[in-house]
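One structure, pasted below without further comment.
For reference, chains read A, B, C, D, E and F in written order, and residue numbers begin at 1 within each chain.
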Amino acid sequence: MYTVTVRGHMMIAHSFTGEVFGPAQRLHGATFIVDVEFRRPELDANDIVVDIGRATQVLNTILEGLTFRNLDEEPAFKGRNTMTEFLARAIFDRIRQAIGRGDLGDGANAIEGIRVTLHESHIASASFDGTI
Amino acid sequence: MYTVTVRGHMMIAHSFTGEVFGPAQRLHGATFIVDVEFRRPELDANDIVVDIGRATQVLNTILEGLTFRNLDEEPAFKGRNTMTEFLARAIFDRIRQAIGRGDLGDGANAIEGIRVTLHESHIASASFDGTI
Amino acid sequence: MYTVTVRGHMMIAHSFTGEVFGPAQRLHGATFIVDVEFRRPELDANDIVVDIGRATQVLNTILEGLTFRNLDEEPAFKGRNTMTEFLARAIFDRIRQAIGRGDLGDGANAIEGIRVTLHESHIASASFDGTI
Amino acid sequence: MYTVTVRGHMMIAHSFTGEVFGPAQRLHGATFIVDVEFRRPELDANDIVVDIGRATQVLNTILEGLTFRNLDEEPAFKGRNTMTEFLARAIFDRIRQAIGRGDLGDGANAIEGIRVTLHESHIASASFDGTI
Amino acid sequence: MYTVTVRGHMMIAHSFTGEVFGPAQRLHGATFIVDVEFRRPELDANDIVVDIGRATQVLNTILEGLTFRNLDEEPAFKGRNTMTEFLARAIFDRIRQAIGRGDLGDGANAIEGIRVTLHESHIASASFDGTI
Amino acid sequence: MYTVTVRGHMMIAHSFTGEVFGPAQRLHGATFIVDVEFRRPELDANDIVVDIGRATQVLNTILEGLTFRNLDEEPAFKGRNTMTEFLARAIFDRIRQAIGRGDLGDGANAIEGIRVTLHESHIASASFDGTI
């Protein structure tokens, strides 16, 4: 299996609902360093999994729709805790849609799996990994 | 599949038995940066895999039982080489026990897999990955 | 010159005032990885600059007073933009006060300089460096 | 499953053929930080997956055959784009051959899988993962 | 003293002249991760050293003039070895010129010093540090 | 001012004397990632501060004299606590001696300053910086 991984980041505010979260129930924020891994069993005719430049652009466009925002006010996340693992899934879904729209090129149809990892600090991260 | 990963570290002394180890047969030591990844297929009612704060506490408690020690003198490791990969398994087993005791909360029962990675330097690491 | 550096982090919300900041004028947030470097020309009788454990505790206590908060509502920062470089100075001042109170031990009086660096992402950081 | 991962690097020149590559069609170059992960289900009699020192030597020997070269002139890569993911596979194949020759010792026959990851910058990487 | 540091990267081919360089006399290449630190004694009216977004743009524009090229063919470097430390100085000079042109804004006139660091691998880097 | 920095590592056992050290009074160990920065005001005739390959060799030779050892039994450190900052100085002294012996080449006489940094974990480091 071949993979390509690209990196971006976003800086957001949010708060969590639930006693388990302690002081994180207060409005606070995070920088998320976002890694997206694309997987496919064979390379395409150009010897690539996906063009790294194009994959980076697609990721950055998705992150621009999230960064510099208070996620508590985003209609898409209403009633949910925007935990690191939850956001990994939300970005996974948006990348899958981008592939479906052809934003990553025709060859991207051969991508079988994606893993989205968000690093919230130097000591904690979360991910969502799925097939497409 | 969703994951959450938390990080801690320990600083230990040990020596290895076996000619393959060359100068590492002498008493020496290591800092191990320890990453523990928890996996489950669905998020719980709080939108989490496991609470990052609680997971960090459980990991740190386990590492406090190992750090600042000479592992050659630990009864639990008698007759074994405390290699990086061996220690990854030892920490995996202790985390599995902690989950069994409920230290990570009731929701942690839905955790299906764990991966423990120990970084022994900037150029070498080892891990153990298993289901629970 | 000898140094010791310890690391902690905080997760905060804030917004900026000024057209130069573009979308960062909206409420957003950041994880700041915080490195504090302590400098002195000679080691003390224990062969240390400062005890790393104690320095980490002092840093963590200061960061607990900032993390999981909306800095726009902190009286101490009223009317200021809580930029990364500004926060580096704010933490510098609090460490200097902690040394003055003796929180780092008597030997810490020999510390001549401190540098506080905040990493706001994998591609940007800021610092304040001063004598004490 | 147990793993051991070792790291090396190489510094090469190359160019790509295909309009998708834009300015990367020009002769340019890269530092590749190379991580090789070895996997096996059980440890050997020495409590290891593979000797880290020996694995590092095998990797460095392979990288010495690639580094400080213009890959456009390497017969082994003629007519191919030496993309990061393509090179990950090329190194995978050479490690598999080294194991077959016994360069990693007899115990290395129990290795079931290998993952080779090449980091081409702080924001992009690629890998090949396969069984042996 | 306050600092702000931003990061970019470039991927180039080159060769070196001089027996001291051994196999690096052959055409090869490198990824350089480039950190630029800006220093000034006081913050401006916006509480910043320099706008991080604008500084990143200026750095990226300079790096676009170098990346995806064979530096052996660049007239600006004719007759020189484009070592990591030499390139750190070349980028320093271009940033100083950009400040002189006002590309970083009027407030950037208060910047007193710059440090440019190029990481050529996980185990080697070089820098040039100067006043402006 | 120009710099070049090279990296190596060592893995040692030791214990500390003094109540301030708490559990670190027990025999334990550490991996130290060691960065050595060489500084000089002008480049030499080859456009370098010091040859990176040669500097790496000199550093590795020094580290081979320390790694895989119990520092409590090293005559050179008798009666001292081999703290991270203390070891940074010890390595600084050995590099200065290597330069004096000509191990880094004749050009290395122009080196004016050296900084040795030891990373003992992902959250703590220490250094010694001096002129030569």
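Please note the rule applied: a contact is a pair of C-beta atoms (placed from the backbone, for glycine too) under 8 Å apart; a residue touches a chain by one contact, two chains touch by 3 or more.
Everything quoted here is computed from the prediction, not taken from an experiment.
Chemist: Moving only from a chain to one it touches, give the least number of moves from chain A to chain E.
Modeler: 2
Chemist: Tell me which of C-F, B-F or E-F has the interface of A-C again, with more than half the contact pairs shared?
Modeler: The same interface as A-C is formed by B-F.
Chemist: Hey, which chain ends up farthest from chain D, C-alpha centres compared?
Modeler: When every chain centre is compared against chain D, the largest gap points to C.
Chemist: Tell me the rotation angle, 0 to 180 degrees, that brings the C-alpha atoms of chain E onto chain F, to the nearest 5.
Modeler: It works out to 120 degrees.
Chemist: Averaging only over C-alpha atoms, locate the centres of chain C and chain E and give their separation in whole Å.
Modeler: One centre to the other, that is 27 Å.
Chemist: Where the centres are mean C-alpha positions, what is the separation of chain C from chain D, in Å?
Modeler: 40
Chemist: Specify, in ascending order, the residues of chain A that touch 2 or more different other chains.
Modeler: Only 7, 24, 120, 122-123 qualify.
Chemist: Across the complex, what residues on chain F touch chain C?
Modeler: Per the stated touch rule, the residues are 16, 18, 20-22, 24, 80-86, 88-89, 120, 122-130.
Chemist: Quick one: in the complex, what on chain B touches chain A?
Modeler: Its residues touching chain A are 1-8, 43, 46-49, 51-54, 56, 105.
Chemist: Which stretch or stretches of chain D touch chain E in the complex?
Modeler: Against chain E, the touching part of chain D is residues 7, 9, 11-14, 23-24, 26-33, 67-70, 120-123.
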